[in-house]
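First the structure, which I've put down as structure tokens, then a few questions once you've had a look.
Every chain is named by a letter (A, B, C and D) in the order it is written, and numbering of its residues begins at 1.
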Amino acid sequence: MRYFKSDNTAAVCPEILAAIAAANAGVAPAYGTDRWSETLDDVFGRFFETEVRVFAVSSGTAANSLALATFCPPWGTVLCHAESHIERDECGAPEFFTGGAKLSLIEGAGAKFGAAELRARLDWFEPHVHGVQPRALSITQATERGAVYTPAEIRALADIAHGRGMAVHMDGARFANALVAQGVSPAELSWKAGVDVLSFGVIKNGGMNAEAVVFFDPARVADFEFRRKRAGQLACKGRYAAVQLATYVESGLWRRNAERANGLAARIAAAAPSLLSVPFETNQVFMRLGAERIEALSREFAFYPWGPAGSGEARFVCSWDTPDADVDALCAALQNLR
Amino acid sequence: MRYFKSDNTAAVCPEILAAIAAANAGVAPAYGTDRWSETLDDVFGRFFETEVRVFAVSSGTAANSLALATFCPPWGTVLCHAESHIERDECGAPEFFTGGAKLSLIEGAGAKFGAAELRARLDWFEPHVHGVQPRALSITQATERGAVYTPAEIRALADIAHGRGMAVHMDGARFANALVAQGVSPAELSWKAGVDVLSFGVIKNGGMNAEAVVFFDPARVADFEFRRKRAGQLACKGRYAAVQLATYVESGLWRRNAERANGLAARIAAAAPSLLSVPFETNQVFMRLGAERIEALSREFAFYPWGPAGSGEARFVCSWDTPDADVDALCAALQNLR
Amino acid sequence: MRYFKSDNTAAVCPEILAAIAAANAGVAPAYGTDRWSETLDDVFGRFFETEVRVFAVSSGTAANSLALATFCPPWGTVLCHAESHIERDECGAPEFFTGGAKLSLIEGAGAKFGAAELRARLDWFEPHVHGVQPRALSITQATERGAVYTPAEIRALADIAHGRGMAVHMDGARFANALVAQGVSPAELSWKAGVDVLSFGVIKNGGMNAEAVVFFDPARVADFEFRRKRAGQLACKGRYAAVQLATYVESGLWRRNAERANGLAARIAAAAPSLLSVPFETNQVFMRLGAERIEALSREFAFYPWGPAGSGEARFVCSWDTPDADVDALCAALQNLR
Amino acid sequence: MRYFKSDNTAAVCPEILAAIAAANAGVAPAYGTDRWSETLDDVFGRFFETEVRVFAVSSGTAANSLALATFCPPWGTVLCHAESHIERDECGAPEFFTGGAKLSLIEGAGAKFGAAELRARLDWFEPHVHGVQPRALSITQATERGAVYTPAEIRALADIAHGRGMAVHMDGARFANALVAQGVSPAELSWKAGVDVLSFGVIKNGGMNAEAVVFFDPARVADFEFRRKRAGQLACKGRYAAVQLATYVESGLWRRNAERANGLAARIAAAAPSLLSVPFETNQVFMRLGAERIEALSREFAFYPWGPAGSGEARFVCSWDTPDADVDALCAALQNLR
């Protein structure tokens, strides 16, 4: 089977495996006091062109939930898209980590929303004790539908959020794909646009089992550190996580891998542009194929039908190590569809 | 500096790193549906000579807390030793994962307690709604003071616990060291003695970042699986955790590494037996040295003073890869102490 | 000002105050072991024509949340209407009491939904660990828009819920108003239609500060009792809550008071039927008046504008002790509106 | 049976019942916006001779837990006596309301501890992420053994706590009894001695079902108010709670009732001073009677044996409405004991 189910089925890229092996010599102090962990702030500071505090965790779900719990009290709510990963795919992790805060959902094409939708949703909340209070905004970059938020779009949302006393969280499970797609700098797509805390994804784009939580403001960091430990997310042998994160940003792997994934997906999108159900932007391709064609393609290709049952939609995802031959085959198959 | 602070500062043993590299080829289904994850039940079933359900998590804290949350309701309490890791060193993780259950503490030399102490502590609880209800017993193998529980000792505690409707959890962060020290089988030291769920430690004894939670009764497994996901502890690229666990038990690494660690520690204990503050049993050595000798040794050796300030006690831990030369040097230094 | 804001602004009806005074003689055992508390099961058993277990709590929010927490695990979700009290007006209490379960919202006119809407919402959930699992259905009787669910409607919803392993909770803050409006028995509107647990409202309809949680199946009662205590909802002097609940159902107050409230509201609805924005059914009247007429009426009458800003809608609620003269005046004012 | 089990079995004193009845006229705005609730800050401000913020809740457990949750983060711990109500008698409520914070226990005669014991316990905590952090101190006034803390004793503890960044909570379930016993002012026994938040008990000393949470510093009040609502502790018909609290402090009931309860208990203590197992100070009397005499007295008197099984100790509690004749009878019985 040729595999287009997700970028999280990819292997670890060789540079990261090599860096892990290189770090595997002799003792290293435990619990994030090793030299790899201790340089993460500097490494990511250079990457983001500002002072940051960076923490490794073992999964995107942990990154998102711990970041949100740091900013949203139990009686608060996180505004996010109805199709967002934190709402749909984390089994209530944000509710668990926050001690029972709510997620308040916003609709919008491309799993994306704009200032008008955010303002309309905020109108529902009143500053009294009967309802939860909006305390965080979470946007996904790139979105669950492969779309990106531009720096200007983020800024518009962040200004509204900050004006209401809300923090801005970015779920950047595919942050590198969004960077590459837009040709902007990490700074422009994060703190310069108003992001307060970023779940910086590494695993999908070549990492093994470490994601970074990046704070652009150190005020809440102490609280975060206690929460991370308490959640079983402070690795005992911290060097193996830290070296993944450092290698990923320092070596330019983030860019090379995302460029490859986005480029392969672009070829798929270009093979049958009239079938696209959502505009193509990063490394995910959504097509409206219909049940029959989905079934036909499923004989050779592994991919997910998408949306509600009977939608006839399908998703194809490319990763850093999707074989060219698999993409060739899928393009050909799409072109041959009637 | 020669390093005796902890076994969690050790590197990953080469066989495990090699197994990770070997697993790093091509795509693998995500979230524990890869072929490495799917064979864990069989691999551990052979190891424990019974049917088991096994789950990988990223840390010992997560293993302990998720296991306990599966058995102890929010209005329950976990009976454990006052010096146990879950009480002292996890920043309240069990309270977090259980939704606010209590830990009820028991004292005892060697960070260990027996049937009499357990019964006396249980006498405090009444079956009414005013107090939390004992729902889990957690014992540590080997204990925070390096002691082991024998199968008979576990059985005595488990019978009391089961008679009160409590589950029996074993924090086996150093389970291999306890196995080797006693020369008994994994089955004898777990389910045959009454253990219901085991946090099976791999990291300290040669692993990288995966621990196993082993259920000897499948009844609570569904609940556990939702909790694991919700806690951000279900790895997206599951093969890298699963292969660590499988390699550890299948290849006999657990035994070889623990034998080496215990053996090195035995040499240290033998170098100054009159200084031992706790009987030596596994890979940790506790000595009453006094402030002056602690200071003197600290120039060449890294280790932790132990106990309350001014106790004059120190802990030396050996791992699978502590250099022989370091142990030689420590033994010599201890023998030269006046 | 003539007051139509809510039925929770009413006084306590004299019979209940008298019953409290009558209970205030000498000592009574504490924490629900007094003779008033101990007869609640029998009193409510006769009322519901079946065996029940009944518990007093201090508020509707506590009743709803404790009932839901008893049936819905932290990794579960409660399906309910988007306008329901548990979603809008309890500041996240269900999330708090459940340990972070979700509420999954369903839309529908009259703050009500039917089998088709429930089925469609359930289609979103898959039986895997990535998403929360539907474990409870909560419906409101009468709804936040004054509508009622008939026994047949409840049965249709309950069958779907039970078929998915979900419990059925009824938020009966205005249960008596719904009973009276339909002329059916308490049994017909609860357990005979498939309700597993009922928050039985007393406060709005003449009580002081006690609501009842009624279990039609005793299986979860032990868990509930620990949760109630742990939530600070087990009254120390239990007789004063119990006597309110017993008096309310035994004396027929529930019926007399609800009949009066519904009857007064019916007069208001009849005064300007063309303005009704929602069909009239119980003791709440919703009218589309427009901003100007709302402002005009606000000089003499206290009531809530309803819905999003600018909707021009208003809500008038009658209680057991709304003065006839106030209703006369409101009817006249509505008839004089241009 | 003559009843000495607890002061929570007493009736409501007539003045409070009369005040409730007087407040029961016509409509009153809901959820704490009625005129009784809105004057509580002033009423209690006069009582405490300083600006305060006061909130009604339905139980002492709720008062304690909500107050602690406002000051102690989930990764914090509350230092308290091992026999305290929050540890022994609230089924884990503080853990629930705080989101899983710990209670760290201190021993001491009379269910009391001093500066030395507090300092020794604090020595266990290190300012790192591996352990919970001390964030609140909770002391009980009067203690579970009837003892009082003097203003100077409170000040000594509060200085240590504040020096460590901890808040000081007082569980004042029997605050009035402690005031009367010491002849000091409410201010001297609270904020002037360093108390930050007080659970001010009303129920045991003549109230029905309302306790006050008194904040001497308004900084955390907003958080508290959301938590109270979310816990189902914001009464819909708020006047009935508020009028209890106001009447209790304004009319001097607190003093009159506590003086009577303490006075009756003093007679019991004086009847058999040689049997006292704990020095007598407030309205609880502890005596070491032995099993035989406990059994003999139990034929005529209802009271609790105290301490672990076989201790031979008994507790007698007097309330504001314990009959003189009952005290006469108990005194006579005690004097006749051999």
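Definition applied: contacts are C-beta pairs under 8 Å (C-beta built on N, C-alpha and C of every residue); 3 or more make two chains touch, one makes a residue touch a chain.
If you're wondering where the values come from, they're calculated on a predicted model, not measured in any experiment.
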*Looking at C-alpha means, what's the farthest chain from chain C?*
B
*Could you compare the number of C-beta pairs in contact for C-D with that for B-C and name the larger?*
C-D
*asked:* Rounded to a whole Å, what is the gap between the Cα centroids of chain B and chain C?
replied: 50
*What is the distance in Å between the mean C-alpha positions of chain A and chain C?*
41
_Centroid of chain C to centroid of chain D, CA atoms only: how many Å?_
34
*For chain B, write out the residues touching at least two other chains, lowest number first.*
31, 74-75, 90-92, 96, 99-100, 129-130, 226, 229-230, 234
*Residues of chain B defined as touching chain A within the complex*: 3, 5-6, 8-12, 17, 20-21, 24-31, 57-63, 65-66, 90-93, 96-97, 203-204, 208-209, 226, 229-237, 240-241, 321
*Which of the residues in chain D end up touching chain B in this complex?*
74-75, 77, 88-92, 95-96, 98-103, 123-124, 129-132, 308-309
*asked:* Quick check: in the complex, which residue numbers of chain D touch chain A?
replied: 31, 73-75, 99-100, 129-130, 133, 223, 225-230, 234
